[in-house]
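Let me begin by handing over the structure; questions about it come next.
Chain nomenclature is as follows: A, B, C, D, E and F, assigned in order of appearance, with residue numbering initiated at 1 for each chain independently.
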Amino acid sequence: MSNPTPSSPLIRIADMTWYEFADRVKENPIVFLPTGSVEQHGPHLPLLTDVILPVAVAEAVAAEVGGMVAPAVSYGYKSQPKSGGGNHFPGTLSLDASVFIALVRNIVNELVRHGARKIVLFDGHMENAWFLVEAADLALRDQAMLGRTDVKIVKLGYWDFINKATEAVLFPDGFPSWELEHAAVMETSIMLHVRPDLVRQDKIPDDPAAVFPPFDVYPFDTRPIPPTGVLSSAKSSSAEKGAVVLAQVVPDIAASLRTAFASASE
Amino acid sequence: MSNPTPSSPLIRIADMTWYEFADRVKENPIVFLPTGSVEQHGPHLPLLTDVILPVAVAEAVAAEVGGMVAPAVSYGYKSQPKSGGGNHFPGTLSLDASVFIALVRNIVNELVRHGARKIVLFDGHMENAWFLVEAADLALRDQAMLGRTDVKIVKLGYWDFINKATEAVLFPDGFPSWELEHAAVMETSIMLHVRPDLVRQDKIPDDPAAVFPPFDVYPFDTRPIPPTGVLSSAKSSSAEKGAVVLAQVVPDIAASLRTAFASASE
Amino acid sequence: MSNPTPSSPLIRIADMTWYEFADRVKENPIVFLPTGSVEQHGPHLPLLTDVILPVAVAEAVAAEVGGMVAPAVSYGYKSQPKSGGGNHFPGTLSLDASVFIALVRNIVNELVRHGARKIVLFDGHMENAWFLVEAADLALRDQAMLGRTDVKIVKLGYWDFINKATEAVLFPDGFPSWELEHAAVMETSIMLHVRPDLVRQDKIPDDPAAVFPPFDVYPFDTRPIPPTGVLSSAKSSSAEKGAVVLAQVVPDIAASLRTAFASASE
Amino acid sequence: MSNPTPSSPLIRIADMTWYEFADRVKENPIVFLPTGSVEQHGPHLPLLTDVILPVAVAEAVAAEVGGMVAPAVSYGYKSQPKSGGGNHFPGTLSLDASVFIALVRNIVNELVRHGARKIVLFDGHMENAWFLVEAADLALRDQAMLGRTDVKIVKLGYWDFINKATEAVLFPDGFPSWELEHAAVMETSIMLHVRPDLVRQDKIPDDPAAVFPPFDVYPFDTRPIPPTGVLSSAKSSSAEKGAVVLAQVVPDIAASLRTAFASASE
Amino acid sequence: MSNPTPSSPLIRIADMTWYEFADRVKENPIVFLPTGSVEQHGPHLPLLTDVILPVAVAEAVAAEVGGMVAPAVSYGYKSQPKSGGGNHFPGTLSLDASVFIALVRNIVNELVRHGARKIVLFDGHMENAWFLVEAADLALRDQAMLGRTDVKIVKLGYWDFINKATEAVLFPDGFPSWELEHAAVMETSIMLHVRPDLVRQDKIPDDPAAVFPPFDVYPFDTRPIPPTGVLSSAKSSSAEKGAVVLAQVVPDIAASLRTAFASASE
Amino acid sequence: MSNPTPSSPLIRIADMTWYEFADRVKENPIVFLPTGSVEQHGPHLPLLTDVILPVAVAEAVAAEVGGMVAPAVSYGYKSQPKSGGGNHFPGTLSLDASVFIALVRNIVNELVRHGARKIVLFDGHMENAWFLVEAADLALRDQAMLGRTDVKIVKLGYWDFINKATEAVLFPDGFPSWELEHAAVMETSIMLHVRPDLVRQDKIPDDPAAVFPPFDVYPFDTRPIPPTGVLSSAKSSSAEKGAVVLAQVVPDIAASLRTAFASASE
C-alpha cells in the first residue's frame, strides 16, 4: 500500500470545485469527516499526528467505497493524562467540549444541507469520542426539527478495527491497551508509513508503559505522566508495521461501512 | 457491612441544617457529588440504579474519610447501546451534554463558594465520565477567574477500584468487561446488598453477553442490543457478592482519596 | 393521612423497571416533576426541605390521580432574602437561571419523548417559579419544532392551594405572607408530619417576622435578614397542622389537575 | 408635577454627547436602566406602556437624586395571563429569558466599564422581575472576575413604593392586587398624566377583575383571561390619580435610593 | 420634508393598541425593525444618534409603503475605530455579538409569530451589519423548524441608498467613504434636519479625515483615532443637506422594498 | 519567490514536536492563525481556496518575521452573495457565527495559555472579518479575567495590503472592488502561483462583474448572482500576477506586524 492518501479531487472535498462536489453528492456517497487534535506526541511525532492519521486512513477507505472526505476538524477535545499525556504539554491546543460539539454538529448539518445522508465521524483522537456522540445526536435532532429523518451517522476510531492478527504483528510481546498506545507503536508505525518525513526517527523513545491510578485528578497530578508524553515504548515501531495496519484496517472499515449504510437504505 | 448508607446528618448535606453544614465545611472535608442517571436496568433493577449505587458507596467512603455527600445529580448523559443499552429504552431520561456539564460545573462552583476545596465527582453511570472531565475543567477555570487556585477535584467511577480478587469473586467464569456489566452481575449484586427491596429477583435475566461491532451508528442500530437491555448475564448475582465488592472498594477508595488530597495540601 | 409518601413502584419512576414504566406511560398518566432546592431552612430544618416537601405532596397527589412522579430536581434557583433568606447562607447550593431552565426543559422533553403528554412542574421552592415558566415555554417550542403539539404542562406551588380554612388553622393569629413563610409554620409543620426525624425540634426559632424594604439590593443588604434565616416565627408549628395542610391540599390539587388535563383532551 | 420627563441632556444618556457623559460619570451618579416590554395593554393603552411609565418615573427620580437614565430596554419577558394577559395577544413582542438576562447583564457591564458603580434596574413590567435578579447576579460575577467588587445594583418595580395613602386614592373601593392592576387604574392614570395623547379615553374598559386558578397552564388556558386583556376595571382612572401616584412615589424612591447607595459607600 | 417622523399610531407599533396592531398585521404590511447603538458621536451629536436616524428614516419609508415600525433595538455591536471611533469612548454602550444576534433574532421571530412575513432590518450603525446577517439567517432557520417558509427579510443600511447626485450635494469636494462618515457630514446634516435640538452646533468639529492602517489591533491602538471621535470633518453639515438626503433616500428605499417584497409573493 | 510555503517545522506548528514548540514559544514569536472557509470558488478553483491562500501568505510572512503558523481554521462564516456568491452553492460548508467565534476565541486562548502574546488572525475569507473582531475581543476579556493583560491581537485580510502599484498590475483595466474579486483575478492568480495543480485552467470564466442592489435579501434573491459563482472576470489571471502580489504583500505585512507588535512591547 504505497499511496494511502491519493490526491484525487474526487475524494477530497477540499480539492473539488463546487461543480464536482455537486455531481458527486448526487450519488449519495459516504462522506467522511476526520476529527483529530493538535496534541503533543512525544519527541518524535508532530503535533498534528492525530489529524494526519485519520485523514490518511479515511481517504484510503473513501477510495474503496467511493466516498468523499471533508476537510478535517483539526482541533479536538482536551488531552487527558491517561490517553494523551495531558493538556498541559506545550503545543497542545484543545477545544472546550461545547466548541468541539458545536463545530462537528454544524459541519454535519452543512453536509446534510447539501445532500449527504451517510456521514462518518472518523476519529483520530481518543478524547473526542464522547463529544462526537453528542454532536451526532444533536445534528440528528436538528435535522428532525427540519423534517429530515433519513440521515445516518457512523462514529468510529480507526484503531478499534485492528484485529488480533494485526495486534500480534504490532505487539509481539503483548498488547498494552489502546489508551497507552498514545504516540507509541501503532501511531509511530503508521506515521513512518504515511509521513516518514515528519517522524524524528532518532528521537523515538523507549520508556516503560505509564501506570495510572484508577481515578483522575484536576488539576492534573503530573507525577505518573512520562516526561516525554509517550505512554508506552515506541521503540519497535516500523513503516512495515504501519503498512500492515492499514492493509488490514482499511478494507475492514470499508466493509463495515458498506454493511452499516446498506442496512440504512433498506 | 450491614449499613452502607448511614443517615447521619453529618454525612448527608441534604439532612444537615445550615448551621451543621457551616461547622462541617470549616474543617475542609472531602465533599462527594454522586452522579448517576435515570436509565433502564433490565427487567429486574429500578431506573434509578445508577444513582442508588454511587450514593451508597459514596456515603460509605465519606463515613471512612470524614467527608460529606451532596445531593446526587440524578439525571445523566444519554445511555449508549454498548454501555447502557441505549437511550431509546422506555424510562431512560437523559440530559444533553451541555446541560449535564453545566449542572455539575455549577454545583462544584457552589460547593467551592461555601468553602469546599476537596471535591469528588463520584460517578455511577459510565456515560457521564467524559462530561465530568469537562465540568471539572470548566469549574477550575471559573475559580481561577475568581482568583481561587486551591481547589482540587477527583473524578472516579467506583467500579474502577474493584481489584482482581474481587473480580474473581464476581466472575468465577471470567470477567467480561465493565461496559458489558450494565445491569449485570456487579450492579445487581450491590443492589441486592443495599436495596434488595427494589430488585425483582424473579426477573433477573440470564442472557448471553451482547456482541457489538467496533463502531457506533446513529440513530442506534438496535439489532445487537439485547431486548432486555441487560448486556450480559446477571444470573449469578447475589447480595453476598455485593457485600464483597463494597467491603473491598470502600476502604480502597478511601485510601486513594486520602492520598490524592493529602498531596494536594502539601 | 399517615403515609403521604407511598413507596409503590407504580408511583415513583425512580423505583420502576423500564418494563413497568413502559406499561404505565401507555395510559397517558399525569407525570409529576418535583422541583426544589438545597437551601438553608433555619436551625431546625434540613437543607433539602424544599425537595422533601414537594416530593411528599406530589406522591400523595399522584396516588389520587393515578399519576407517576419523576426523580426530583434537587437543585434550584438562587435563594433570595425576601423569600428564602438568601444565597449567602452556608449550604445553600443554587443554580444559575440558564442551568435550571435547561435542566427542567430537558427533563420535560425526555418525558415527552417517552410518551408523557400531561406534565406537572410541582414546585417546592418559590424562587424557581419564573424559571419554570420559561422551561415550560421552551419545552413546548422544542416539541412544536418536532411536530408535537399535544403536550400540556401545569406549573404550581403546592402552598398556593392552601385555602382560607387551612390558613386559619395554620395562623390563628393572622397570616403573614407565603414569602415570609420560609422555614416557618407551614414548612415546619409539614416536615413534622412527614419527616419528623429530620426536624431539630429543640431549635425551632421564634423570631419576629422580617421587614424588608420595597426594593432589592445586590450584593445583598444582609441587615434586614434574620440571622437564623427564618423569616417569621415557626414556634406554633405542629405535626397536626402539617396533617391538616396535606389533608386539604392533596385532594384539592388532585381535583384541579383532573379538570386542567381533562379540558386538555377535549 | 407638570413635567415628569424633563429632556435635559444631563439626565438622559441618549441625549448626551460623550463629553457630557464623561463629565457626569466621574461624579459616580446613580444610573437608571428602565426595563419594560412591548405588551398588550387593553383597547385604550399603547403597546409601549410598560416602557413609557418606568422611563417617566425614572427620569423624575433621576432629576431628584442627580442621576442619569440609560436608554430603556424596550423588549421584556413573556407576558403571563395572571399579570399581563398573556403572550398570545397581538403585538406582544417578548424575549426569551436567556436573551433578556443577557441583554440587561451586558448593559450593566458596559455601564460599569465606563465608571458607573450605582445602578438601578428600574422595572415597568412585572414579568421581568426574576430575570432582572439573575442579570444583576451575573453582572456582579462578571465584575468580580475582572477584579471589581465595588458595584452595587438596586432592582425595583416603581409600583411597590405606592403607600397606603396613595392606594386609598387609587382604589377608594378597595385594592385588588398589583398583578391584576395590568392596564387598569394605576397604569391608566399615570398614562393619563404623562402621555394623555396616547390614551384612547373612549375605550377605557370596565370589566370585572379576572379570576384565575392557583396554577398555570401551558399552552395558556385562555378561558379565565378577559378578552380585552385588562385584568380589572380601569374605569375610575384619571390624570389626577396619576399625578398623586408620581408625587408620592418619586420622592420616596429617591429617598430609598439615597439611603441604599449611601450605605454602600460606607 | 418637514415631518419625517409622523407620530401616527398606524406607523409606530409602540403607540398602537393591540387591537390596532391586530388589524394592521392582517394586511401583511412591511414591518421595520430599526437597529442602532449607543455610541459616541463627537462633541456635537448625542449618543443615540445611530438610533434616532434609522428610526426617522424608517418611519418615513413606512409612511410611503404602508408599513409599520417596531420599537428600535437601541443597543448595538461594539464600536470600532475605523467606523465609529471605538468602544473605549465614554458613553459607548455596546453588546456582545451573541447578545445582539439573539435579540434581533428573537424580535424577528416574535413579529413572525404575530403574522408578519415581510421584515426589514433597518440599520443605523455600521458595526451591526454582519450580526444582522446572522440574526436573519437564524430566524429563518427557527421558522423553518416550525414549518414556516414564507418569511422574507431585507437587511439594509440607509446610507447605501444615497446616490451619486446626493453624494455630490453632501460632499462637493469629494466623497471620503461611508465608514469615515461617522459623526461627520451625512449624520450631522440629517440630525440638523430631524432633531436640531439635539445638535450642539457650536461644537461641530473640523478635523481632517482619519488615516488608518490596513489592519486592526486589539486592544485598540488609539493613536490613529481622532480625539474627538469624529472620523472626518463635519464642518460643511447643514439641515438642507440632511433634507436632500432624506428626500432622495426615502422614496428610493420605498421603491426597492416594494420590488423586493413583491417578487417574494410571486 | 518560488517557495511561498516552506515546510520547515520551525514555521508550521502542525509539523513541530512539542519540544520544538516549547523552544520556539519561549522567544515570544508572532503566532499566525489563518482563517478561511470551505466555499464555492467557481468552476476553476477548489473549495478550499480561502484556506490555501491565507496559509500560503501567512507562512511566507512568518518566515520573514520569525513567526509560527497554527493549523488553519478551515471552516468559516456563511458565504454571502455579494462577497462569495452565497451559502447555497453546493459544497459551501459554513459555520454559524456562534461556532466560528467560539472556535477562534478558544484557539487564541489556547495559544496564550502556552505562552503566545502576539497573535495574528490572518483571514482569507471576507465573511469572517466581523466575527474575528468579536473572537479577539472575547479572548482578551477571557484573559483579563485570568489576570493577563499583555496579549495583543492583530486581525487582517491579506488583500487589504495590496498597494496601488500591484493593483495596477492585477487590473490594468481598472479595479472593481475587493468584494467582487471573489474567485476572480487576484485569487486565481495567487492560486496559479502557489497551487497550479488545483486550478482548472480550462474552466476559468470570463463573466462580467455582478451587479447587486444596495440591500440584502434572506432567503437569498439568487437572480443577481452569476451562475458560476464568480463575481467578476477571472480571465486575465496569471501565475505571474500571483507572484507579483505575494512579492509585494508579504514584506509589507511583515513590516506592518513588526511595527504593530513592537509598539506593543514598549
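Before moving on, here are some points about what is shown:
To be clear about the criterion, contacts are C-beta pairs under 8 Å (C-beta built on N, C-alpha and C of every residue); 3 or more make two chains touch, one makes a residue touch a chain.
Note that this is a predicted model, so its numbers are computed, not measured.
If you take subunit B and subunit E together, the chains in touch with both are A, C, D, F.
Residue-number overlap of contact pairs with C-D passes half for only one option from A-E, E-F or B-C: E-F. Averaging Cα coordinates per chain places subunit B and subunit D 48 Å apart.
The distance from the centre of subunit A to the centre of subunit F, with each centre set as the mean of the Cα atoms, comes to 27 Å.
The mean-CA centres of subunit A and subunit D are about 55 angstrom from one another, to the nearest whole unit.
Shared contact sites, meaning residues of subunit B that touch two or more other chains, fall at 96, 98, 145, 147.
Chain pairs recorded as touching, per the definition above, are A-B, A-C, A-E, A-F, B-C, B-D, B-F, C-D, C-E, D-E, D-F, E-F.
Here subunit A touches subunit F in the complex through residues 9, 13-19, 21-22, 25, 38, 40-48, 51, 70-72, 74-75, 89-96, 98-99, 102-103, 106-107, 110-111, 114-115, 198, 200, 203, 229, going by the rule given at the top. Against subunit A, the residues of subunit B that register as touching in their complex are 77-78, 80, 96-98, 101, 127, 129-131, 133-134, 136-138, 140, 152-156, 160-161, 213-219, 221, 256, 260, 263.
Partner subunit F is touched in their complex by these residues of subunit B: 144-145, 147. Taken in their complex, subunit D has these residues touching subunit F: 145-146.
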